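One chain, chain A, links the two complexes that follow: it is found with chain B in the first and with chain C in the second.
The block that comes next holds the complex of A and B.
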């Protein structure tokens, strides 16, 4: 049972509030750029909205959800109250304060630099300070996860760490290390300029530091989803987890190879050598492994559920699955979206193929499939699964949940497939205005309109999600019982030391980062004349 | 476990071995074999290829450096370099500006087809004075007046003209032509207001509203022909070259008729 329900609910609600606001902004951006609406005349409004959308979706939503899920998993899987609750509240306060401090300058048009910062563009210092505060809040969470695991290990010497907690702490350590890149960029490069102490910035080096964060942050977003795959889905659909150690291996692999691969975002950047781009590309290919392990393990677990429910034959088990169960729907949709998104990702990481799709709407389609599709749909599922345990009330509006998941899934497909298509046609992303009367762009008009419709479906789904959560707070009180996790087919008796701790994987993670990032960073820092004048945005508006 | 036991652990051996192996193969392929195999490069030996793959700057080929045909601007503008302009600076600028009044008007508003300076962005005035002095913006009329100005004189003049009020509007703004509103992205033309202040301001660009029509047209034509070439990254030359004569006329007429 989670003991600090209010703490966890506050994290969930702050994350979801940012999510819903950003969802509205996202659909607005799509609409005003489409042929359905005349050119708004001021690109700044578009970039302001994109900055708000990205900041809320990329920093606020996943960080807060990871923190909420982390606290929940700690208390339920370790079966002991969270140590450091006061610190946890302080972390939440920092995240809340940071969100407000970051969003205000964005709303005022003083920080329309997009969530990826894009130096030499420089916005209001408060925007960056707000982001730093959110990250600081999440670092408190990282420390608490580590401390709680350590205390549990001291109380239970020689015991196998429960799988949810192992995965949870792996996610926390991954975030701690990957957020260092953006933190260095913000504290030592961007903030001194934003505060007026310096007027130039090494944009190339800043992009290298951001790439340090930019790819592994996606795997941090992914962690709650993968935790749900392994520890919630098999239980929720009446099956068994096919393999507990495989889950640990997948998360250990994420620690090593999710991290030092960010240069595949810099394939078109001149400041990184071709050799390092190749090195990062190879490790990006390896990161497919933990996902393949996961897809195999979870599919096998789902098959077990189908067979336990009486399914027979090669495909008979599929029909026997509990298709009216929202978690069953969510994991299916998530896998389909992950499949398409992952296939696109393999194209992006290939040096030459990337040249064709680099900075086109294809990329927007790709990361919406992965994050907004495969990842966020499991955030919904997690919330549905945990809500009764947090509110102490029954959550039984299954029809509404299914409608929400179906609309999100269909909306995401209708949204992202046309994006991929126009990306191949060469439509650049992050442009405020497209002249569809130009013969070269006319072909893109209809796919763009279709994706606006997809966005509208997704928006409706977002509000259905809100309706489900609110109905959960208003339902009749009901004792939800003990929160249970998936049981493995072979519950682990003795776990190898390597899969019961993190020392080996953290050492490999740091070591590989040094190999892949060390030289490019030192070289750029040692090269004179690489700084350019900063460009203040919203200077004299 | 001590270090020796750690090394004997097969998990440690396997994971470290595999990671090192993948990295080693990738390094050999990415830094040695692929660069050497690329036939279109002109590396001088293996070490040169490795350094290039690592991102080291190559040596410039001797004698092959192309010199620009015209001297471009050397001015570096930063957002804080002209702030804050105090009253003394404005006063000194007012005195210095007495010699500008013949063409630019007593209060910075020209009746001679020269640009209006009242309320112009200080960065723009400072940069143009610098460019005229250095020859980056050639002008037979302005050069003798500017050649002896000090850096502080130019800052003072910029402060003074920025301080003067713009001419108040006395007629409604005309409708904005399409080229001004949205530019033409397919021809690398941004909307004018994205830099010139109506939408956003990029330091170094000029306030255009209310300027004499003949002056604006001459300047755009000079950018198009390359006769004027002191835009920092060549952006105005690209834009002016890619505008049709009709669009040039529309844009110029719009700005000349729009109240400053």
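The block that comes next holds the complex of A and C.
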């Protein structure tokens, strides 16, 4: 049972509030730059909205959901109350304060630098300070996850760490290390300039530090989703987890190879040499492995559920699955979107193909499939699954949940497929205006309109989600019982030490990052004349 | 509830797991091998040298002074194009290149980060102030192409579009005989 329900609910609600606001901004951006709308007059509003959308979706939503799920998993899987609740509230307060401090200058149009910062453009110092506060809050969470696992291990010597907690702590360590790149960029490069202490910045080096964070952050977003795949889905659909150790192997692999691959965002950049680009490309291929392992293990677990429900034959088990169960729908949609998004990712990773699509709408389509599609759908599923345990009320509006999941899935497909297409045609991302009367762009008009429709479907789905959660707070009181996790077909008795702790994996994680990032960073720091004048973003008013 | 599991079934499950792991490793190996082969054999590696250029003095010294921008016919018959990206235009704003000729593009930024993309081609670069971006390409068809800046460069970003005009090789050679640096930008 989660004991600190209010703590967990507050995290969920802050995350989802940011998510809904950003969802509205996203659809507005798509509309005003489509052929359905004329020139907006002041393009700054568009970039302001993109900054808000990205900041809320990339930093606020996943961080708060990871923290909420982390606290929930700690209390339910270790079956002991969270140690350090006061610290947890402090972490939440920092995240809340940081969100407000970051959003205000964005709303005022003083920090339209997009969530990816793009120095030498510089916005209001408060924007960066706000993001640093959110990250500091999440670091408290990382420390709490580590401390709680250590205390449990001391109380249960020699026992196998429960799978949900193992995965949860792996995600926390992954975040701790991946956030270091952007933290260095913010604290040592951007903030001194934003505060007026320095006037120049090495934009190339800043991009290298940001790439350190930029890729592995996606795996941090992914962690709650993968935790749900392994520890929630098989139980929720009446199956068994096919293999517990393979789950641990997948998460250990994420720790090692999620990090030293970020330079694949820099394939077309001039400040990293070809050798390291190649190295990062190869490691990016390896990161496909934990996902393929997961796809196998979860598909096998789902097949077990179908067979336990009486499904027979090569495909008969598919029909026997509980298709009216929202979690069943969610995991299916998530896998389909992960399949498309993952295939796109393999294309981006191959640098020859990347030159065709780099920084076009293709990329926007790709990461919306992965994040807004595969990942966020499981955030919905987690909320639906955990809500009765947090509110102490029944959540039984299954029809509404199914409608919400279907609309999100369909909306995402209608949104992202045209984006991929116009990306191949060469349409750049993030522009406040496109001149569709140009014969070279005219072909893009119809697909862009289709994707606006997809965005509208997604927006409706977002508000259906809100309706489900609110109805959960108003339903009749009901005792939800003990929160249970998936049981493995062969529950592990003794786990090899390497899969019961993190020492080896953390050493490899830091070591490989040093190998793959050490030289490019030292090289740029040692190269003279790379610092360039910073420039305040926006118009002087 | 549980299917009766004998050692036989356990062995079967492990075999399936191992088969899948093998397939996964083979798929990844083939992907990496294909990229490596294309990279080395067809010379399609990403740009590999790190070169610097100070945006504060671009207009005074070095290869990016204004009179040196545009397309130049090199002694070996290839064409060198030098471009500067700045808020919110490329210089030159229309790039003239011959078809079926090796074209080397060297570009940099005079202020912030810009993107450099020529539609219907594989030309795609980031322009980062302080550094020089380079790419080799060959245009197979004549005609006009768009060249948008694809990276956010502050609030006028949406207006930063240039054009590329690909003309036939002979016409380009004739024009290059009269002028050192060519472009199709209105003068």
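Everything below uses one rule, namely that the second predicted complex is superposed on the first by the 539 of 541 C-alpha atoms of A that agree within 3 Å, B and C clash if a C-alpha of one lies under 4 Å from a C-alpha of the other, contacts with A are read in each partner's own complex, and residues count from 1 in each chain.
Simple rule for what comes next: contacts are C-beta pairs under 8 Å (C-beta built on N, C-alpha and C of every residue); 3 or more make two chains touch, one makes a residue touch a chain.
Given the structure is predicted, the values throughout are model-derived calculations rather than measurements.
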**Prompt:** Where does A:278 make contact in the superposed view: on chain B (first), on chain C (second), on both, or on neither?
**Reply:** both
**Request:** With the two complexes superposed on chain A, say which partner A:204 touches: chain B (first), chain C (second), both, or neither.
**Result:** second
**Request:** Mind working out whether A:41 is in touch with chain B, chain C, both or neither, as first, second, both or neither?
**Result:** first
**Request:** In the overlay, answer first, second, both or neither for which of chain B and chain C A:364 touches.
**Result:** neither
**Message:** On the A-aligned overlay, A:63 touches which partner chain: chain B = first, chain C = second, or both, or neither?
**Reply:** neither
**Prompt:** Who touches more of chain A, chain B or chain C?
**Reply:** C
**Prompt:** Where does A:519 make contact in the superposed view: on chain B (first), on chain C (second), on both, or on neither?
**Reply:** first
**Asked** Which of the two partners, first being chain B and second being chain C, lies in contact with A:196: first, second, both, or neither?
**Response** first
**Request:** Scan A:256 for contacts with chain B and chain C and give back first, second, both or neither.
**Result:** first
**Request:** Mind working out whether A:148 is in touch with chain B, chain C, both or neither, as first, second, both or neither?
**Result:** neither
**Request:** Take the contacts of chain A with chain B and those with chain C, and give the residues found in both.
**Result:** 43-44, 271-275, 277-278, 282, 286, 431, 433-434, 438, 440-441, 523, 527, 533, 535, 537-539
**Request:** Show which residues of chain A lie in contact with chain C when the two form their complex.
**Result:** 43-44, 46-47, 50, 112, 114, 118, 120-121, 202-204, 207, 240, 242-243, 246, 266-275, 277-278, 281-282, 285-286, 288-289, 292-293, 296, 300, 304, 307-308, 346, 349-352, 354-356, 358-360, 425-426, 428-434, 438, 440-441, 489-490, 523-524, 527, 529-533, 535, 537-539
**Fill in**
In the complex, chain C touches chain A at residues 1-3, 5, 10, 13, 16-17, 20-21, 24-25, 27-28, 31-32, 34-36, 38-39, 44-52, 54-56, 108, 111-113, 115, 117, 119-120, 122-134, 144-146, 148-159
**Complete:** Given the complex, residues on chain B that touch chain A span 1, 9, 11-12, 15-16, 19, 22-23, 25-27, 29-31, 34-35, 50, 52-57, 76-81, 121, 181-186, 191, 193-194, 197, 199-203
**chain A - residues contacting chain B, complex** = 39, 41-44, 196, 199-200, 252, 256, 271-279, 282-283, 286, 431, 433-435, 438, 440-441, 496-499, 504-505, 508, 511-512, 515, 519-520, 523, 527, 533-541
